[in-house]
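Shared between the two complexes below is chain A, which has chain B as its partner in the first and chain C in the second.
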Partner chain A sequence: TAGNRIFHFGQCRVSMSMTEIRLGFTAIKANIQARDPIRTLSILSHPHSLHKVKSSDRCCITHHLFNFYVDKVFKHCKTEDSYINRKISSIANSFLSMKRKLRQCHEQNKCMCEEESTEKFKQILANYEGLNVTSAAMKSLGELDILLDWME
Partner chain B sequence: SGVLCCSLPNPRNVHFESINMKNVLHWSAPEGIGHGVLYKVKYLVYGVGKWIRKPECRNINRTWCDLSSETSDYEEQYYASVKAFLNGMCSDWIETTRFNPLTDSKESSSCSQIYRRKKNLLFYVFQWWFSISNNTLVVPWLEPGTAYCVSAQIRVTTPLLHSGFSKEYCIATLKDKTA
Partner chain C sequence: DALLPTPQNISILSTNMKHFLSWSPVIVQGETVRYSVEFQGEYERDYANESWIPICECSLITATVCNITEDISATVAYNLRVRADVGTRRSEWGTMKGFFNRITTSLTPPLMKVIADGYHLFVELEDMGPAFQFCVLYWKKGQESRVQQKVVKEVSSVVHLDTMEAGPDYCVKAQTYVEAINRSSSFSQTQCVRAQGGTSMWLV
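Up next, the complex of A and B:
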C-alpha cells in the first residue's frame, strides 16, 4: 500500500500505512470534533499522556487501542451524514487490517503486557466509561490524531 | 457594579494560524461594529479542566494574539476563545476548533532545488535537488558567468509533511577571465 512504513513497537515490527487513515481523519476531523462539546475531558491524553509510555509497553498499548477502537468506538459513531459514515468505515477497515498484523506479534509473544501498560489502558477505559457510549465513542474518534501522532 | 450585558455581536472566524510552530490566534471584528471594540482571550489545554486567561491579550483592540508559548507542547491539543467588549456590552466567548500544533502547523520553506538560467533565453534547467538537514548548502561545481537561482522547500518525514517552495533568489557567478 502507498506509504507503507515499518513501525517498531518494542520487539514487534509491523509494516503499515497511516496515509489512508490520516487522509480519512483529516477529512472528518472538524465535523467529528464539533460533535464533542466536552473540552475538559480526554479519553487518550489525560491524566496520563500516551507519550509517557515506555518503549517496551508500546506494543501492548497499541494492541489494546486497536481493539478498543474496533470494538468500542467505530460501531457507535453513526452520523446522519453518509459522507462522514463512509470515511469512518474506511478508517475502521484500516484498523481491522492493522489489528490483524499486530496480532501476529501477540502470538509470537512480542507484545507482552506489563503492569504499567495495563494500568494505562484501564485509565483509558475509565475515561471512556465515564461518558455515555455515543459521547465517549465520538470523543474517542475525535482524538484519533492523538493516537496517530503518538504511533508515528 | 455595572453588570455587562452580553448582547454585542460575536467576534467572527476565530482560528489559529500556525507557521513554523508560531501559533497566532486570529479573528475578525463583530459584524457591523466600528472602532472602540476591545477583546479578551483565553485558552485551554484539551482534556484539562480550566480555561487560562492570556494577560497580554486583555482589553486589546487588535484582532490577533500570539499564543505560541502557550501552545508549544506538541503532545497536547488546544482551544482558544475570544470575547468582545464595547460601551458596557460584551459578546459571547467564541472558540476555535481543536488545534493540534503538530499537524495544524504549516512550514514556510528551506530545502533547495537549483535552476540554471542562461543568457537572455529564459529557460529553467532543473538541475539539482539537495536534501539538507541544516540551513547551509555548498554547491561546488558551478559554471562561470551563469545565473543560478535557489528555491527551497521544507520536508518533514514524521508525519509526512512538506511546504510550498520559497520565493526564488538568483545570483550570477563571475565571468571566466581566462576564456
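Up next, the complex of A and C:
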C-alpha cells in the first residue's frame, strides 16, 4: 500500500510515502534510461556512492538532492511522450511534497550541513554540469532509484 | 471562425481517492462538441513556467467527465482546465475555480461483512485500492471497554479476527485509513454475530 514510513536522516525524522514515486519511476525507468547514451558516468555515485555519506550528513544531502531534482532536473526532462511527461509530473509534484516536509527539519536546525556533505553535493553538481543540460537531467532522472534505494 | 463558448461549471467530485472532473456541456446545434482536459500541479506552476499537461485519455472526448485519478498522484494543489472543439472552431480554456488537493477527498466507511464460522470470527472488507488500509475494532457485546483493534494493510479475501466463546455476541466495525493523506473515514455500521456450533449465525 502507499506506505508512509518514518525516515531518519540523522536527527531529522520525517513521515513520507515513497510508494507513489517508486510506482511512477518504475513505469518510465526503462524509457528514461534508454535516452541516456553515456552509461560510463554517474551523477549521484561518482566518485563515491551515496552510501558512504555519514548518518549525521544524511539530512543535509537529502535536502540538497530534493532541491537539485526540483530546481534543476525535472524541468529539463520534457519528452515527446505524453505518458512519460505525466509520470514525470507525478514524481516532481511528489518531490515537492517531500521537500516541504524536509524543510521543517531544516527550519528546526536538524539538518546541519557539514563539510563532507557539502563536498559530496558539490561533486554531484560538478558531475551534472559536466554534461549538456538535457543529458545531465535525463541521466539524473534515470538514477532516481539510486536515490530512492539510498533513502530507504 | 467564431469562438466556441468556454466550458462552464468545471468541478471535481472526489470520493475515496478517485477523482473525477466534470463540466457543463457546450451546446452547438447539430454539432458534436469535443472536449480536452489538461492539468497543472504545484510543480508545474512554481518550477516549470506554469506549464500544463494534457490528459490523453480525455483529449477530444464527447463526454463531459474525465477520470483524473491517475494524474492527481501527489498531495499538492492542482489546477484543471477544459476546452471545447467543433471542427475547426475552438473555445478558450475554461479553468476550474480554485485548486484541488487530494487531501480533501471524501472518505466513506468501508463495506464490511462479518462472518461467524463455527467459533471463528472473520471479517470480509471491500477492496478499495492500494492507497487504503483498514482499522477493524471488535469486542464482546456488553464489554465495550475491552475493544480490540486490528490494522489490515492489504485486503486479502477474509481476515480472521478472533476465536469466539459460545454464547455472547461479538460486534465489529471498521474504518479506512489513507496514509498518503493521513486521514481516516468514519466507522462503518456495527455488525454483531454469535458463535453457534458449526453454523454461521447473523445478528445485525
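Convention: the second predicted complex is superposed on the first by the 151 of 152 C-alpha atoms of A that agree within 3 Å, B and C clash if a C-alpha of one lies under 4 Å from a C-alpha of the other, contacts with A are read in each partner's own complex, and residues count from 1 in each chain.
Just so it is clear, contacts are C-beta pairs under 8 Å (C-beta built on N, C-alpha and C of every residue); 3 or more make two chains touch, one makes a residue touch a chain.
No experiment lies behind these values; they were computed from the predicted model shown.
Visitor: Give one word, clash or fit, describing how chain B and chain C relate on chain A after superposing.
Guide: Verdict on chain A: chain B and chain C fit.
Visitor: Just to be sure I read the superposition right, which of the two partners does A:S82 touch: chain B = first, chain C = second, or both, or neither?
Guide: Touch partner of A:S82: chain C, not chain B.
Visitor: Anyone got the angle at chain A's C-alpha centre between chain B and chain C, nearest 10 degrees?
Guide: With chain A as the vertex, the angle is 80 degrees.
Visitor: Considering only touches as defined above, state whether A:E119 meets chain B (first), chain C (second), both or neither.
Guide: In the superposition, A:E119 touches no partner, neither chain B nor chain C.
Visitor: According to the stated criteria, A:S90 is in contact with first (chain B), second (chain C), both, or neither; which is it?
Guide: The answer is second: A:S90 touches chain C but not chain B.
Visitor: Give one of first, second, both or neither to describe whether A:D149 is in contact with chain B, with chain C, with both, or with none.
Guide: first
Visitor: Going by the contact rule set out at the top, does A:E129 touch chain B (first), chain C (second), both, or neither?
Guide: neither
Visitor: Determine, under the contact definition given at the top, whether A:L41 touches first (chain B), second (chain C), both, or neither.
Guide: It touches chain B, and chain C stays clear.
Visitor: After the superposition, what is the least C-alpha distance between chain B and chain C in whole angstrom?
Guide: Least C-alpha distance: 9 Å.
Visitor: Residue overlap on chain A between the chain B contact set and the chain C contact set?
Guide: 3, 19
Visitor: Inside the complex, what are the residues of chain B that reach chain A?
Guide: That would be residues 44, 46-50, 74-77, 79, 97-98, 100, 102-103, 158-160 of chain B.
Visitor: Where on chain A is chain B touching in the complex?
Guide: Interface residues on the chain A side: 3, 18-19, 22, 26, 29-30, 33-34, 39-42, 45-46, 49, 51, 142, 145-146, 148-149, 152.
Visitor: Quick check: in the complex, which residue numbers of chain C touch chain A?
Guide: Contact set of chain C toward chain A: 39, 41-44, 46-49, 53-56, 70-71, 73-76, 130-133, 153-154, 178-180, 182.
Visitor: Using the touch definition from the top, list the residues of chain A that touch chain C in their complex.
Guide: Per the touch definition, chain A meets chain C at residues 1-4, 15, 17, 19-20, 24, 70-71, 74-75, 82-83, 85-86, 89-90, 92-97.
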